[in-house]
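A single structure is presented below for examination.
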Amino acid sequence: MELTNREIARYSRQIILPGIGVKGQKRLKASSVLIVGAGGLGCPVSSNLAGAGIGTLGIIDYDNIEITNLHRQLLHSESSIGKSKVESIKNFIANLNSDVKVQTHQVLLNSKNALEIITKYDLVVDASDNVATRYLLNDACVLENKTLISGSALQMEGQMTVYNYKNGPCYRCIFPKPPPPETVQNCGDGGVLGAITGVIGSLQSMEVIKVILDHDDVLAGKLLLYDGASCSFRTIKLRNKRQDCDVCGVTPNITKLIDYEQFCGMAASDKDSGLNIL
Amino acid sequence: MELTNREIARYSRQIILPGIGVKGQKRLKASSVLIVGAGGLGCPVSSNLAGAGIGTLGIIDYDNIEITNLHRQLLHSESSIGKSKVESIKNFIANLNSDVKVQTHQVLLNSKNALEIITKYDLVVDASDNVATRYLLNDACVLENKTLISGSALQMEGQMTVYNYKNGPCYRCIFPKPPPPETVQNCGDGGVLGAITGVIGSLQSMEVIKVILDHDDVLAGKLLLYDGASCSFRTIKLRNKRQDCDVCGVTPNITKLIDYEQFCGMAASDKDSGLNIL
Amino acid sequence: MLKINLDFSGGAEVLFNNIKKRQLSLESEKKWTLRDFLQYMKENLLTERLELFIQGDSVRPGILVLVNDIDWELLGELDYEIKQNDNISFISTLHGG
Amino acid sequence: MLKINLDFSGGAEVLFNNIKKRQLSLESEKKWTLRDFLQYMKENLLTERLELFIQGDSVRPGILVLVNDIDWELLGELDYEIKQNDNISFISTLHGG
């Protein structure tokens, strides 16, 4: 896949980087990335990856824009309230970088549609906002053998890691069982700052680029924690891939997608939550 | 300063945070922040702060948009190439949050205009791209007694700290002398990734919010280093404010702004660099 | 005395009086496994509903336990024997975005 | 032997063969101050132009020197005496944006 002269000009400030070059830029152009969630994390991931010249971006979100989104979902605009989030991001990207192909999926990711959507992309970004979607996405990525760049945020904290990368652990290896619904807080009821999702979404974008370019030191097998209140970061060492993992282990129980809302006892959206205790 | 019903709805997901509340949101609304530079750092800082509801944002940049900016300066668009960066950001903010007042300053910040611009704002974000502007801004913030939230980025690394905050050090306390011009590399000749400026700009935004809300644990007297290649963060402990600092010390030599291009031996822009060695 | 540093994040601190970091001294006549320490936390530190932290004899799903920033699964989990100056962390995972 | 960990960032690594982290063992018969160590680096490690790293008997402006993540200015600068397993860092400050 060749670069046009316009692309060489546009990306010159990153082509010049020792770890990228023309060869790396071509790899970015040849790549396709699925972004699951067009909210607080999905916005910075979309703009960063579109700016960097990923050839094809898929964006999946069933939801429409509400005024309560606009403090952190910064690619949407007041005039788009009530309209589709994925279309809003598609428009943003068309203005920023018309060379990027954008495929919108305005559906709720579920066990019926996940595999056929995911299979079309090289790798997947988890920018979702609920437990059920996180398990669904993990299992689908394991079944389709895709790396999952996972970010999450709540209040003034964020977490980021890369699952299912080069024989590293998957989400289920770390969290075999979902948390009790009454302990789960979402951004709707717990709140979150846009600066937090901005940090985590940008960190996810960097890891996406490194995975595509096959750089060393991708953040897999480790979890990065950001506490905005103290501006502190910690990297913790996670367990290895579990031989007995239900989905990525040697003899997996889960060989096709299950009902994740039932498995988690929670809806696959952040609109409806548990008892909001923790 | 009261909040309208629309504002209460818009910011509900951050008003709900224990560290913010209605009182904190009012303080954000009553605040004014000057963002120096409308580039790789200035874009995420502008969108994050506008989203969060800072009442007044000033944006200063003399420059117009070029295609080589668009891989990392993600609020600008292809159709704005050749047009003013500050106007481009003003338009973006008008679409995202029309309640935010935006004051554009399309000038090169210099010793003649700096004080009269800075004095109008509560605090200042250094999102600039060159050594001369960084010294100028530091000295002007010391003379005007403004906190300076400073970020920088190059290639796959970024740095962030807060200067001149609660008797902490200023930029000159740490760097009394400018680096030799031949050791300075800018984003034009060294390159940088948008994900890096995205991380640092978002971190700066978080510190701005904390300074306004008078939170503890602002990153002052410490420098945060981010190395995107290894996804590693380090926080280093900086020296204290220097009694003999040329500008913030007990008997300062610098009591009005000097010629910073001459002091640094470098132009106040990233268009023209030294020997590009380091 | 066995001195340890304890920290909570990701929301787990809500169950412990909203204190993110604290130091503790444990009687050092006996050995302390993480199993013993969870029991101690249950009896001495928990200020909110037990079942939001403990399930059976371990922590509830969705909380990561770390010793010196290493997943306890690599260290023997409940059987790990606490050492002088260990940093023990309880991190609730986040799901929002 | 006096073992130390050395790291470079912000571009300072370019002068040292582009290696960001390395371990070194120094003869431990004598005491090593950072002044001595800079001299050693000049003679043994620098692969690029001297004046881009050293100016006079110290590092050039714009490079931060840290020992165990603490600014050397808090530790006596050139007179600091290196200790076993110290992490010594040279960080070039960034100016781009």
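By written order: A, B, C and D. Residues from 1 in each chain.
Everything below uses one rule, namely that contacts are C-beta pairs under 8 Å (C-beta built on N, C-alpha and C of every residue); 3 or more make two chains touch, one makes a residue touch a chain.
Protein names from UniProt, one per chain: C, D = Ubiquitin-related modifier 1 homolog.
Please read all numbers here as calculations on a predicted model, not as lab measurements.
Engineer: Among the chains, which one keeps its Cα centre farthest from the Cα centre of chain A?
Structural biologist: Farthest chain from chain A, going by C-alpha centroids: D.
Engineer: State, to the nearest whole Å, the distance from the C-alpha centre of chain B to the C-alpha centre of chain C.
Structural biologist: A distance of 39 Å separates the two centres.
Engineer: Rounded to the nearest whole Å, what is the centre-to-centre distance of chain A and chain B, using the mean of the C-alpha atoms as each centre?
Structural biologist: Taking the average C-alpha coordinate of chain A and of chain B, the gap between them is 28 Å.
Engineer: If I count partner chains per residue in chain C, which residues reach a count of at least 2?
Structural biologist: none
Engineer: Going by the touch rule set out above, which residues of chain A reach two or more other chains?
Structural biologist: 155, 187, 190, 192, 235
Engineer: Chains as vertices, touching pairs as edges: which of line, ring, star, complete or other describes this one?
Structural biologist: Looks like a simple chain-to-chain line, open at both ends.
Engineer: Name the touching chain pairs, please: which are they?
Structural biologist: Pairs of chains that touch one another: A-B, A-C, B-D.
Engineer: Would you mind writing out the residues of chain B in touch with chain D in their complex?
Structural biologist: Counting only chain B, the residues touching chain D are 37, 39-42, 126-131, 134, 151-155, 157-159, 174-180, 182-187, 190, 192, 197, 223, 225, 227, 234-240, 270, 277-278.
Engineer: Could you list, by residue number, the parts of chain C that touch chain A in their complex?
Structural biologist: 9-12, 14-15, 48-49, 51-52, 55, 60-64, 66, 69-71, 73-74, 89, 91-97
Engineer: Name, in rising order, each residue of chain A that touches chain B in their complex.
Structural biologist: Listed in rising order, the residues of chain A that touch chain B are 6, 9-20, 44, 47-48, 50-53, 67-68, 70-72, 74, 76-79, 95-98, 155-156, 187-196, 198-199, 201-203, 205-207, 209-210, 215, 217-219, 224, 228-233, 235.
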